[in-house]
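Two complexes, one shared chain (chain A), two partners (chain B, chain C).
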Partner chain A sequence: MRRLRAAKDKIARYLMLGIAIFTILFLLVIGLSLFFKALPIMRAKNLWVLLSSANWKPFKGDFGFLPFILSTFYVSLIAIIIALPFSILTSIYLNSYASKNVRRFFEPVVDLLSGIPPIIYGVWGTLTIVPLIANKIAPRFVEFSTGYTVLAGGIVLAVMIIPLLISITLEVFRSIPKEMTDASLSMGATKWQTVKKVILRKSISGIIAATVLALSRAFGETMAVLMVCGNITQLPHSIFDACYPLPALIANNYGEMLSMPNYESALMFSAFLLFIIVVLFNGISRFTLNQIERRYQFS
Partner chain B sequence: MKQLEEKIFKIIMICSAMIILGVLVYIIATVFYRGLPALTLDMITKLPGGGFYLGKEGGVLNAIVGSIYIIIGSLAISMFISVPLVMYINFYLPAKSVFSSLIRFSLDILFGIPSIVYGAFGFALMIFLGVRASLLGGILTVAMLIMPIMMRSFDEITRLLSRELPDALLSLGATKYEMVKVILRQLMPGLVTAILLAIGRGIGDAATVLFTAGYTDNIPNSLNQPAATLPLSIFFQLGSPVEEVQNRAYASAIILTVIILILSFSARYFSSKFSKNKI
Partner chain C sequence: MISTNQFLAKSDHNSFIGMNEPIILKKLVTNQSIRIENLDVYIENQHILKDMNLTIPEKSITCIIGPSGCGKSTFLKTLNRMHDESPEVKISGKVFVDDENIYGPHVNVIDTRKKMGLLAQRPCPLPMSIFENVAYGPRIHGIKKRKAVNQTVIQYLQYVGLWDEVRDRVRTSATRLSIGQQQRLCLARGLAIEPEYILGDEATSALDPLSTKKIEELFVKLKEKYTIILVTHTLRQAKRIADHIIFMYLGKIIEAGPTEEFFNNPKKQLTRDYLSGSFS
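Entry: the complex of A and B
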C-alpha cells in the first residue's frame, strides 16, 4: 500500500517534469521548424536582399520584404504613439486619483477591451474608422484616400493594445513602495507633483518595457489590421496610403502558395521573421518587468 | 500655480479614461446597431442553405458548432498539460528555483507569440504529419494558442494560495501527489477562471484556424473533416458583395460578442469568488 502510494507519487513527478521540459523546448521547436521551412528561400536569395528589396513579384521569383516590414513598422508605430498617452494617463488616474469604486468599475472595462476578438475590432474599424478617414480626415490633407490606410490600421491597433499597456503600467505603478509616495505627499507636494517626480520617474524602465511588449503585440496582430489597412504591396509614403503588414501577407496568401516555387518558403520566412522579433522584444521586456517586480517584492 | 497644474492634469486624465470607456461602448454599440436587424433565430439554428452566400436563407450553425468543437478539443489538450505544469512549478519545485523561473519566462514568451505564427507553425506541422485542414488541425493549433494563457492565469491564482494548506497536508503524511489532488479542489474557481479566459481567446481567434481548420458549410462528423469557425464565418461573409450577406456578418459578430461578454463576466465572477474563499 505504502509502496503503491510512493510509486504513484514518483510517476506523477516524472510526468510533470516531462511536461515542464516540453514547455521550455516548445519555443525552440517552433523557432527551429519555422527556420527550416524558411531555409530554401534564405539559400536561394541573399538575406540582405530579402530584407531590403522592395521588389515583390512571386511569379518571377522576386521576394523583397521591405514593403511588408515597413508597413508593419509604420502601423505599429502609429498605434503606440496613439495608445501610449491614453494608457499612461488612465493608469495614473486609476492608480493615484480614482476612488475604489471607479477602479472596480474600470477593471472589467479593461478586461473586456482585451477580450474582444480581433475580428470584431476589424468589423468596427471597417464600419467606423475607415469611412471617418476617407470622408473627414484624409480630404484635409490629400486628394483622395479610400480610408483603408496605415492610419486606420494604427488607430484600430492602438485600441487593441491599450488594455495590455494599462494593465502592465498599473502593475509597475503598484510595485512602487507606498512609503515613497507618502513621503512626497507629506512634504507638501501635490498629487500631480508626486506622480511626476516620484511615480513616473521610478517607473520609467517599466513603462519602456510595457511599450516594447505592446509593440511586439502590435507587430503580430493579423485579422483586425488586415481588414482595415488596404493590403496593397507598396512602400507607404504617407499615413493615408494603403499598406500591407507581414501577418496580413501570411494570412492572405496561404491558399495559393503551393503552386509557386519558393512561395511557401517565403511566407514561412515572414513567419520566422515575426517569431524572432516577437521573441526578442518579449524576452527583453519580460526580463525587465520581472526584475522590477523582484526589486520591490523583497526589499 | 501648482494647484492649477494639478487641476488641468486631473481633467486630462479623466478625459482619457472616459475616451477609453467610450471606445468600448462605441465598439459594442456599432456591432449591435448594424447586426441586430439581421439577427434572426434562423441565424443560430440553421446551417447555411443553398445560395446562403448570395443572400438566401440559412444560418451560421456550422460555424457555432465548429467553434465549440474546436474549443472543447483544445481545452481538453491544454488542460492535461497546464494543470500538472502549474502544480509542478508551485508545489514540487523549490520556491525560488532557477528552473521554475525559466519555465515561467518561456510561458511569458509563448504567451506573446502572435496567433498567425502559431497558425503557420501548425500548418507546417500538419504538412509534416500529412494531415489536411481539419477539425484535428484546428484543435491542435488552438491548443497551442490557449495553453500559455491558461497556464499563466492559473499559475497567477495558484501563487496566491497560502502555504498553510500544503504544509498541513504534507505533515499529515500525504505524498505530494495526494496533496496536489486536495489542493486542486481548493483551486477549482481559479481553474474555472483560467479556462474561461482561454475559451474567450481561443473562440475569437481567426488567424490560427485560417489554414488549419479549413471551412465548410456542414457540421464535421469526424476529426479529419474540415470545420467552420465563427470568426472566419464573419470574415468570409463580410467579403461578399451582397448586402444581405454582409448584414449577416454583423449579426454573426453580435453572436461572437455576446459569447465573449458572457465569458468575460463569468470569469470575473469566479475569480471574485476565489478571492472570497481565500480570505
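Entry: the complex of A and C
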C-alpha cells in the first residue's frame, strides 16, 4: 500500500515534469520549424541585405524587410509611449488614492477591456481614430494624410495594451509593503511625494517587466493594427505616413501568390524575424532587470 | 517651573490619567505635551479605544503596556493621524499636541506628522541608499541645499551610532544592513525630520538582545530632548527604561503612573493579574 502511494507520487511527479518540458518544447519546435521554412530565402539572399534593404519587389525577387521591421518598431514604440503614462497614472490612482468603491468598479472594467477581441478595436480604430487623424490631427502638421498611419496603429495598439499594463503595474504597486508607504507618510510626506520617491522607485523593475511584456504583445498584435495602419510598403518618414508591420505582412499575404519563387519562404522569414525579436527582447529585458535588481538589491 | 516628574511625584498619581477619576489635566500641561480627551476609536464599527483620557508628560519615556489586541498600536496611530489612511476608522474626541487639537478642523496633517517621529515594529528602510534614507525627511520638507542635507544626515547617523559602521558605504542600499542597524537607521531617519515626539511601536520586538539594548540606550539618551511614547510587549523593557507606564486592557486605560509605583504598588486587581502573568 505504502509503496503504491510512493510510486503514484513518483509517477505524478515525472508525468508533470514531462508535460512541463513539453510546453517549453513548443517554443523550440516553433522556432525551428520557422527557421527551416525560412532557410531557402536565407540561402538565396544575403542576410544583411534582407534586413537592411528597403527594396520589396517579390515579383522581381527583391526582398528587403527594413520597411516592415521599422514599421513594427515604430507602431509599438508609439503605442508604449502613449500607454505607459496612462497606465501608470491609472494604477497609481487606483492603488494609492481611490476609495474601495471606485476600485471595486474599475478593476472588473479594466479586465473587461483586455477581453475585447482585437477585431473590435480594429473596427473602432477605422471608424474613429483614422478619420480623426485624417481630418483633425494630421492637417496641423502635414499637407495630406489618409489617416491610415503609424499614429493610428500606435493609438489603437496603445488602447489595447493599456488594460494589460494597468493590471500588471497595479499588481506591482500592490506588492509594495504597507509598512514602507506608511514609513514615508508618517514622516509627513504627501501621498504624491510617497508615490514619486518610494512607490515608483520601488517598482521600477516591475514597471520595466510590464513594459517588456506589453511591447512583446504589441509586436505581435496583428488584426487591429493591420486595419488602421495603411499597409503600404515604404519607410515611414513621419507618424502620418502609412506603414506595414511584420504581422500584417504575413496575415495579408500568406496563402496568396505562393507560386512566386521564394515568396513563401520570405513570409516565413518575416515570421521567424518576429519570433526572434520577441525572444531577444525578452532576453535583453531579463538581463537588464537582473542588473537593476543587483544594483539596488531591493527586497 | 516645576518639572513634570516632580509634579507627578508630589501629586496623587491618579490625576495623571483619569478614566474613572475626575481629571486634573490642566496642571500637567506644559508647553510640550500630549493631552487626550474623550478619545473613542471605531474600526469597522468595532469600538477599539473607549473614552480615553490622559496626559503624557513631556521629556520622558511613557510605555504603553497591555495584552495583544488591547488597542496599544491603534492608540499610537491616533497620535500621528496615520488612521487617516484607513477610511474604515472613525475617531471622536480630542488629541491636543502642543495645545492644539490635531483632530481640529484647520489642522494640517503633515505638520502633525512632522512632529512625530515613528519607529515601527520592523525596520523598514525605504528603497534607496543609507544616505538617502536619512535625507528623505529633510528633503520632503523642502531642504534643498546639499550642504545642509549632508550635515543633517551625518549628524543623525552619528547620533544613533551608525556613522562609524557605515561611513564607507552610505551610498549603498539600506537593505544590506543588519536588522539592528536598519532599526537604528530608521530612528535616524525619524529624527532627521526634527520631531518633538518619538513614537515607538514595539520598536525592538524584531531585534536581537544586543540591538535592543542599543535602541533602549538611545531612547534614554533621547528623552532629554524628546517626549517618547513606546508601545511594548516586554514588561522588563518597560521597567528598564520607562518613566511612566500606561496599562491598557480591551481599549481602556486601566491604570497609569510612574514606573516604580506602577510595578511595586499596582492599584487595580487587573493590573496585578497582568503583572503576575495570569493573562497576557
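Here is the rule we use: the second predicted complex is superposed on the first by the 262 of 299 C-alpha atoms of A that agree within 3 Å, B and C clash if a C-alpha of one lies under 4 Å from a C-alpha of the other, contacts with A are read in each partner's own complex, and residues count from 1 in each chain.
Just so it is clear, contacts are C-beta pairs under 8 Å (C-beta built on N, C-alpha and C of every residue); 3 or more make two chains touch, one makes a residue touch a chain.
Predicted, not measured: the structure shown is a model, and the values here were computed from it.
In this overlay on chain A, chain B fits alongside chain C without clashing. When the shared chain is aligned, chain C comes close enough to touch A:182, but chain B does not.
Looking at the shared chain after the overlay, A:123 reaches chain B, while chain C stays out of its contact range. Once chain A of one complex is fitted onto chain A of the other, the partner contacts of A:190 extend to both chain B and chain C. In the superposed pair of complexes, A:221 makes contact with chain B only, with no contact to chain C. Put simply, if you stand at the Cα centre of chain A and look at the Cα centres of chain B and chain C, the angle between them is 100 degrees to the nearest 10.
In the overlay built on the shared chain, the residue A:100 is in contact with chain C alone; chain B does not reach it.
By the touch criterion defined above, A:33 reaches chain B but does not reach chain C.
Put chain B and chain C next to each other and count what each touches on chain A; the higher total goes to B.
Of the two partner chains placed around the shared chain by superposition, neither chain B nor chain C is touched by A:73.
With chain A fitted onto itself, chain B and chain C come no nearer than 9 Å, counting C-alpha atoms only. For the contact definition in use here, the residues of chain A common to its chain B contact set and its chain C contact set are 190, 193. By the touch rule above, chain B contacts chain A in their complex via residues 2-3, 5-6, 9-10, 12-14, 16-17, 19-21, 23-24, 26-27, 30-31, 34, 81, 84-85, 87-89, 92, 99, 101-103, 105-110, 112-121, 123-125, 128, 151, 175-178, 180, 197, 200-201, 203-207, 210-211, 231, 234-235, 238, 249-250, 253, 256-257, 260-261, 263-265, 267-268. Residues of chain C that touch chain A in their complex: 80, 82, 85, 87, 110-111, 113-114, 116-118, 120, 122, 124, 126-128, 136-137, 140-141, 173, 175-176, 186, 189-190, 193. Of all residues in chain A, those touching chain B in their complex are 5-6, 8-9, 12-13, 15-17, 19-20, 22-24, 26-27, 30, 33-34, 37, 85-86, 89-90, 92-94, 97-98, 106-109, 111-113, 115-124, 126-128, 159, 162, 166, 190-193, 213, 216-217, 219-223, 227, 247, 250-251, 254, 267-268, 271, 274-275, 278-279, 281-283, 286-287, 290. Residues 99-100, 177, 179-180, 182-190, 193, 197-198, 201-202, 296-299 of chain A are the ones that touch chain C when the two sit in their complex.
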